[in-house]
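Both complexes below contain chain A, partnered by chain B and then by chain C.
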Partner chain A sequence: MALIQFSPLTLKTFKRFRSVKRGYWSAIIIISLILLSLVAEVFVNSRALMVSYEGEWYFPTYGAIIPGDVFGLDYQYETNYRDLKQKFNDEDSDNWVLLPPVPYNAFETDLTVGNYPPNAPSFETQHYLGTDTVGRDIVARLVYGFRIAIFFSLFLLICNYVVGTAIGCLMGYWGGAFDLLFQRLIEIWSNIPFLYVIMIIASIIVPNFWSLVIVMLMFSWMSMTWYMRTATYKEKEREYVMASRALGAGTARIIFHHIIPNTVSIIITFIPFSVAGGITALTSLDFLGFGLPPPTPSWGELLRQGIDNLQSPWIVSSIVMSMVLVLTMVTFIGEAIREAYDPKKHTIYE
Partner chain B sequence: MSKDVLLRVKDLKMHYPIRGGVLFRQVATNFAVDGISFEINRGETLGIVGESGCGKSTVAKAILRLYEPTSGEVEFDGRDIINMPKGDLREIRKEMQIIFQDPMESLNSRHTVGTILEEPYVIHGIGSRADRRKWVVDLLDKVGLQSDAVDRFPHEFSGGQRQRIGIARAIALNPKLLICDEPVSALDVSIQSQILNLLVDLQRELDLTLLFIAHDLAVVKHVSDRIAVMYLGKIVEMNEAEKLYSHPVHPYTRALLSSIPVPDPEKKKVHDVLTGEVPSPINPPAGCHFHARCPYAEEKCSKDRPELKPVKDNPNWLVSCHLMDNFIN
Partner chain C sequence: MIPRNIQSMNKFIFLSLILVLTYGCSSQDGNEGNVTVGTTEQQVVPVVEDLPEYSVSELPEGLVWLTNEDDPVFADPNAKPGGTYNEYMPSFPLTLRAVGPDSNSGIRGYILSNQLSLTDIHPNTRKFMPALATHWAYGDDNKTVYFKINQDAKWSDGKQVTADDFMYTLDFMRSEYIVAPYYNNYYNSEIVDVKKYDDFTISVTGGTAKPKDDLLLYYSISPTPRHFHKLDENWVMDYNWLISPNTGPYQITDVVKGKYVEFTRNRNWWGNDLKYYQNRFNVDKVRISVIRDPETAYRHFLRGELDTSILTFPNYWHDKTNDKTYQNGYIHKIWFYNDLPQPAAGIYLNLDNEIFLDINVRYGLAHSINIQTMIDTVLRGDYERLHAMHTGYGEYTNTEIRAREFDLDKADEYFSAAGWGERGPDGIRIKDGNRLVVVLAYSTQLHTDRLVVLREEAKKAGVDLQLNLLDSATYYKNVIEKKHQAAWMSWSISLRPSFWQHFHSDNAHKPQTNNITNMDDPEIDALIEQYDNSDDVNARTELARTLDMKIHESGVYIPSYYVPYVRHGYWRWVKLPEAYGTRLSDTLFDPMYLSLFWIDEEEKQRTLKAMKNNESFEPVTIIDDKYKVAF
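Up next is the complex of A and B:
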């Protein structure tokens, strides 16, 4: 027996998912983007990929900063690799610097005397989408902003689903007073205006990534409980659950081995929409200024800048295009998953 | 016949409250099972027959405490099941198992047959991984399936094969009592007899006691030592299998038996055709539950509820009818 054996139902679902082309390709692109964003430092960074100086090789991308005097410069702070490259070129020596395709990070301001940002896109300065109002590279802001937004929404999703599924399953499985109590609690809790609470919290503490995840979790775990509660109510009366109970299985075993594997389609179908929702939520909070504090690269803050500076259309157009592309692809994935789990196609076995 | 009682059920009741209105007050009660008593001796097979909705399956599930009965006593092997704490119940569930009607529903379609059959051992933490795999193959062999079934999924099997898997799971822990809740109703007639024979063989081989529930009288007759006839949550007649068929007493039993088709075109049969529908268990009629459909009903039938009483002082022959003396012989 193979170590991991996918049920033929799972394989069939995956096959159907693949048959929806745009969803399948969107999934590949989004997953690649997420994986690439993990190593974004290699593509978008002010640190060089590689420096060859006096016969020695340096790889500054990851690790501690390398002070300028290592490369014969007259300062102790971190080397400016763009200047270093310029210097080596001018000296016409054997030393060389390999810079990433976009040689800026998300925090540095590229300012020169007599130059007032925002600057329009330019290949010459390697600001391919221009700079924002304080002279930071927009590509770098977009890439690192994407990384934060997507991981924020993935973490939020995992927390939401763990809490929501656990409570929803127990509501459905235990029923009775527990179910009734949580139903009313959730109804009351859902009516607390989320935005006010965020504003109050943001005015007391400066939110960071994790505190924002927790605050968002507190107000968004509820939606999953309803779906899981209903599904559990339906599944627990089925005879395979009865059979397992008759064998002496406990609540945990029945929920994890029987109910969740049979209701996983509900959970998976909601994932892409939750991801889109998470990105949108973080972006809107940042847009309003209640999200992650500056100078964290963030799409919402970029959107805010873009709208305030419509005379510099490269800002607003790049952020809007990015959002439209990412959210559309995520929605395509969601549509393909929904199609793959379509119950109308479930009963046919080839 | 030596009395060695394995399962004793006494006055078992399963009532469901029906709530309605704004305040969800209890507005009515569904008397699904309304005072059932019987005993099963070790090694014996008791059949329960009755129409759909008469409470047969509810009895089965209440005995296993898959449903919590409203009241009554269930004594298994001398131990009280109804008031048993959860931990002990888990242990005793090794000894009483159930086979369900629909073999597709009763097997988790996301697990392989190997996983399904391993589950009893995993739940009770018996044996190592290798042991369990060996036992699963033994089980498959016992119910007449190939050992390559282990890695396949339930939907790859036919209905009869799936039911064999269900049986294999039920006998995995060597139970004493096997409750068969309409085990062949969902199967083709040709497959039914195979499964019935398998059950009879296993009973002999493993020394099982069976509680066999069905609505098909011919099926029940084939396997049972004694038969109980249920109508609307109550037992109306109970007798040894052969005698029940040769000497039915209760008018309902007689109507049921006369409805069995006889494969002989020459033979003309007089049917005791029942009129009307089974009354709802939510508002069962006063008096004898059957009086509204009974062709012999008298006035007292609609007033007093008859008790289940032995006939001719034979404790194995019980009938619940005011007029039973008229029907004996």
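Up next is the complex of A and C:
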């Protein structure tokens, strides 16, 4: 027996989603990227995956740092595993180091005297997309920047939808004065220029991940309310709502058990576009300097650097390509979802 | 089917983005309305009915009148007059007044350069030389200087410059109608009195006794045209866009609001034949246009629409000059070392912060800050390590001070002595469960690249150096209210080291003062008081050197770097004198201050023709280090 029983309708929607090939594959790629980004430390990191030293094994990826003197080096700060690997190779000993494919983290500045950043992509130094203006690896900045951007956007989406759906449903379900009051409130609130508010806030406090989510939430929860309000208005007049009310169900039960499941197609259709919106919003803010504080890896900051240093085209091309790819894939997913939920294809006359 | 509000929000952000990206270009050809403010002939000036009259005092006996006509000239006799010089400013000024609200604009420097003062400093010998005054004499009180005004000196409207115009400066600067508290205060406490002895002889008296060498630095005031100003409560508004008569070689002749300000050389200028003014101020017109973004301005320069550009930043000098305009020799490069007081740049620690109470922590931190690597990598080895707070002040500079170098062993020793010997799981030092965090406030995105290097290097010493980028207004508020832990700061230079504002206990532990380290030390207080009250040059320089050493020993200031040169790119039709510049040149292309360059119109035509025909010249890069000083 299957763990979760999907209704035939859901299965049919899913099948339809799968039939839109580019959307389906985009979804697979994006979801894999998100999952992989959770363990990005394994692929893109200055810490080694494994060190075998004097017969003992070390796994430095997660947890406390291992100071250099543990491996017989003459310093107490974190071991530089790239140098350690070089040292072991030179000594020709039994000790070995296994480095991740990209052996840099997003913060360390790979600087040597006489070699001035930004450096062009090179397989020899393993900076596959080059370095930025301080000598940080661009692959590392992109990967960790992606992780921050995508999770920022997902958290923002969840908050927005919870607030927006709740208020929208109540407006539609209760109607009357409550509806009227919130309509006016939302109209006024949406006219506050968001960017100015962000600029003012950024001049007072140093924004961090959560404070930015909250500020963005304050100015974007309104979008969902209109759609949910309309949908609820429509649904609450339907017989099944009347029937459950006749059976004695309360407001909460009717909204959560009856109305929302029947309007879920609206919510799901919007998700990919909100994700794309969240990523661009954060990138734009970082670009303008009102986003996450330095040295947080960020796409906006990379874009800024790229535009300021057009003579080092690898910076601007990496970040523009990444943005175009991610945003296009998200849009493909959105398109496929819309296709899957298209009511015109669910007709019983089919 | 994108939600309307999300869509519109993103659109808004993106529109703003596009605006930011293109504003620099669009403002050049946008329709901001060609409001011509006018020229000196057209403007309507309030009529001044009662010219102030001043009483005449008796000139003391036995004054020894001094002048300086013997120093070498620094201009080039081959300079040719003529041509238009194109410059840019990042925003259009909000007023043409040089004092009062909003007057601190991009063109204020040009306006002030044309309001000559009584004497000038020779830019090579550093001796005083005549400007509006021909002679000067020192009083016995070490507070008063007497001046003889040049009888040829004229305002740009043809009126004679007389002693009354200097007397009027005092009235004007003390007036509350000009809404300039700084000047109100300065002309009450620093300049105490101006006296008139006849139409062309005056004296200026200061508030405190100073060494003779310094008196002229502080008391060479400028005249104010009393026939032009009608001081009343409407002065700030009425004089917003009026062009004041001046005594210098250039006068504003054209103002198009939002677009440009144009100055024209007064060919009948009274100073034309004076020894030190000859062959200077060569260009006929100087047009300063608004270009909002330095990057855009640089593009305009590469197209020849601006004549010169500053290339001091390493990325400009090394990377942005890889262009065919340089390779074909159309644009020349010059790296010119000067010998000027250097801004006191570096990290200032707030002693009111608990962890800095222990001097070992201050020393340990200094040894954890890797300025040298920052200079050698992101700054490409172009900047120099700064050692003492007051560098480049001649005898006042203590060249024995050596900044604490990055040294992990020494850092460890000092931190251990302060109880920060142990390291946590992330490699950062801990004491009683607290991590060793130092929050460094700074105010410009431009410096992030440099500070990131310090942060990564400090980790090795077990210090979590957190970077706190603040918007510049917030930053200054924070620092001046002493809310910072450590500040990345650069104090601008002054004529002489001034310790009282930065290190005297009078200014410690209270907001709105410049003692941002909260230094509060009776020994240092006593030295500062001696320094401020000394009128003997040797004692004063000795005290300044001692004070700088005390500051070094206290460990409150970690010096960063200084830049003892200026770098420019300039089109080949802009010509420099044989010596390129002077010891005190902070730029080689200020058209109104020093102003030694000229524009060769024939060369310009030749160059433009060559560019059209794809002909090239020999590329030119000049490095001139005759004024280079090692500190």
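Couple of notes before you dig in:
Heads up, the rule we're going with is that the second predicted complex is superposed on the first by the 344 of 350 C-alpha atoms of A that agree within 3 Å, B and C clash if a C-alpha of one lies under 4 Å from a C-alpha of the other, contacts with A are read in each partner's own complex, and residues count from 1 in each chain.
The definition used in the following text is that contacts are C-beta pairs under 8 Å (C-beta built on N, C-alpha and C of every residue); 3 or more make two chains touch, one makes a residue touch a chain.
Computed from a predicted structure; not experimentally measured.
With the two structures aligned on chain A, chain B fits next to chain C without clashing. Of the two partner chains placed by the overlay, only chain B lies in contact with A:261; chain C stays clear of it. In the superposition on chain A, contact of A:251 is made with neither chain B nor chain C.
The angle formed at chain A by the C-alpha centres of chain B and chain C is 130 degrees to the nearest 10. By the touch criterion defined above, A:7 lies against chain B but remains apart from chain C after alignment on the C-alpha atoms of chain A.
Contacts of A:194 after superposition on the shared chain: chain C is touched, whereas chain B is not. When the two structures are aligned on the shared chain, A:328 is found in touch with neither chain B nor chain C. When the shared chain is aligned, chain B comes close enough to touch A:242, but chain C does not. Of the two partners chain B and chain C, more chain A residues are in touch with C.
Of all C-alpha pairs spanning chain B and chain C in the superposed arrangement, the closest lie 24 Å apart.
No residue of chain A touches both chain B in one complex and chain C in the other.
Partner chain B is touched in their complex by these residues of chain A: 1, 5, 7-10, 238-240, 242-250, 253, 257-258, 261-262, 349. Taken together, the chain C residues at the contact with chain A in this complex read 1-7, 9-10, 12-14, 16-17, 20-21, 295, 314-315, 318-320, 322, 373, 376-378, 380-381, 408, 412, 423, 425-427, 445, 448-449, 452-453, 455-456, 459-462, 467-471, 473-474. Contacts from chain A toward chain C in the complex involve residues 63-65, 67, 75-78, 107-109, 111-113, 116-117, 133-136, 190, 193-195, 202-204, 206, 219-220, 222-224, 226-227, 269-270, 273-274, 277, 280-281, 284-285, 287-289, 293-295, 307-309, 311-312, 338. Remark: chain B residues 61, 64, 66, 89-91, 93-94, 96-98, 100-102, 105-112, 114, 119-120, 123-124, 150-151, 153, 155-156, 166, 169, 173 touch chain A in the complex.
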